[in-house]
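In this document, chain identifiers A, B, C and D correspond to the written order of the chains, with residue numbering beginning at 1 in each.
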Amino acid sequence: MVVLHAFQMLCPGCVRDGLPQAQRIHALFDPAEVAVVGLHTVFEHHDAMTSVSLRAFVHEYRLTFPIGIDAAADDGPVPQTMHAYGLRGTPSLILVDRRGLVRRHGFGAEEDLAVGAAIAALLGER
Amino acid sequence: MVVLHAFQMLCPGCVRDGLPQAQRIHALFDPAEVAVVGLHTVFEHHDAMTSVSLRAFVHEYRLTFPIGIDAAADDGPVPQTMHAYGLRGTPSLILVDRRGLVRRHGFGAEEDLAVGAAIAALLGER
Amino acid sequence: MVVLHAFQMLCPGCVRDGLPQAQRIHALFDPAEVAVVGLHTVFEHHDAMTSVSLRAFVHEYRLTFPIGIDAAADDGPVPQTMHAYGLRGTPSLILVDRRGLVRRHGFGAEEDLAVGAAIAALLGER
Amino acid sequence: MVVLHAFQMLCPGCVRDGLPQAQRIHALFDPAEVAVVGLHTVFEHHDAMTSVSLRAFVHEYRLTFPIGIDAAADDGPVPQTMHAYGLRGTPSLILVDRRGLVRRHGFGAEEDLAVGAAIAALLGER
């Protein structure tokens, strides 16, 4: 299954809550079972959060899971994947089951206890 | 299933980590699925942690799950259930599955992410 | 000068905020300049917070500053020093200057920054 | 007096410890007595921490004290004021007394209690 963490590098809630949680998920679960993927979904301050800045951010915060950059849209500030998934903002945590279906869609700080339980419940499905 | 949290009211790690975690488990899961039970396993300072003191402690810390008192042993400081379960100290977190089997045995502070996942994995079993 | 920390061993705010702050004050300042004194001002659950329980509490929480026990009053639950100083509850932090005058009277959690500044201001007085 | 906080926007210790402390100092003391000034001393990842990115960072983190940008040096990565003050890295906290003398030079996370006391000690000087 996939745990997709959508963030912006200058979003305080992402830095304080979301990204450390994603890193903890990455550390706890077997990567062959749970793939943690970050997605840099910039929808504001685009000039301030370029790929150059993101690279330094990832280095300084010692993030070790793979991180993609959401592609800009032609017609507005919200990038393409963020729009396609209907994300409301950052941080967002998306759980995708083994069949590729989005099963949980969280926005804002989420309890570790609940997230751990949600991941395990999906892992336990046949 | 049952989540058994063994603690002592004057154990700093219980007050700081274990009991708040037990309370969060109690708040998150459906009580019909996950029964959180506290167990006051006094194995030191017996005169300091009487049932009178425990009652005030439970009131002040707003603990809302049921709490039992481990019965003293005839032949030593370690109480009977603590001895029978082979607990190494406090805090301890024991997960008992639906069939009544002890499936996880934690000692000391444990990550919410891991505990949430362990509970959900047992809940998912047929 | 004297920093007087009034607490009850079963008061959650004392355990979480007040006592660790008193311990930090004790660790930071020269004891010849700043004497940190704890005062166990029991005004509720008297049977639950006896001197036997307090002794175990002090041991378990590794408190290293001297702690006195406020003497019970003849005519009510509030002990004598707590009454004499007009304390509103626990935790309370009282700053007494070099001349013996009470100069600051705090109730509840207080910012370290403000407490550190208040202590230093009194220390700087001629 | 002046409290000078030197930071980099992509320095985790600055975001977690230094900048919130500077903001608390700014909130606690009378601005007529204690002027808190931030200084963006970029000495690594220069392309990642431009003034455009800094502006968004300051907005997102709700920093309300004035912040200057340390001027780049001609001959190396360390900017001019950082070099002139002999700063070892970020976060750094510099206390300047009323006469304009640097009196305290801190590097890394510092206790609020100690910082509050140091500021008050300088304020109390004639």
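Just so we're on the same page, a contact is a pair of C-beta atoms (placed from the backbone, for glycine too) under 8 Å apart; a residue touches a chain by one contact, two chains touch by 3 or more.
Everything numeric here is computed off the predicted structure, so don't read it as measured data.
Peer 1: In contact with chain A and with chain B at once: which chains are those? Just list them.
Peer 2: none
Peer 1: Could the interface between the copies chain A and chain D be described as same, meaning over half of its residue numbers are common to both, or is it different?
Peer 2: The interface of chain A with chain D is built from mostly shared positions.
Peer 1: If you average the CA atoms of chain B and of chain C, how far apart do the two points sit, in angstrom?
Peer 2: 31
Peer 1: Averaging only over C-alpha atoms, locate the centres of chain A and chain C and give their separation in whole Å.
Peer 2: One centre to the other, that is 46 Å.
Peer 1: So which bits of chain C are touching at least two other chains?
Peer 2: Counting only residues that touch two or more other chains, chain C contributes none.
Peer 1: Please give the residue numbers of chain C that touch chain B in the complex, ascending.
Peer 2: Residues of chain C touching chain B: 10-12, 15, 45, 47-50, 52-53, 55-57, 59-61.
Peer 1: In the complex formed with chain A, which residues of chain B make contact?
Peer 2: 21, 24-25, 28-29, 111-121, 123-125
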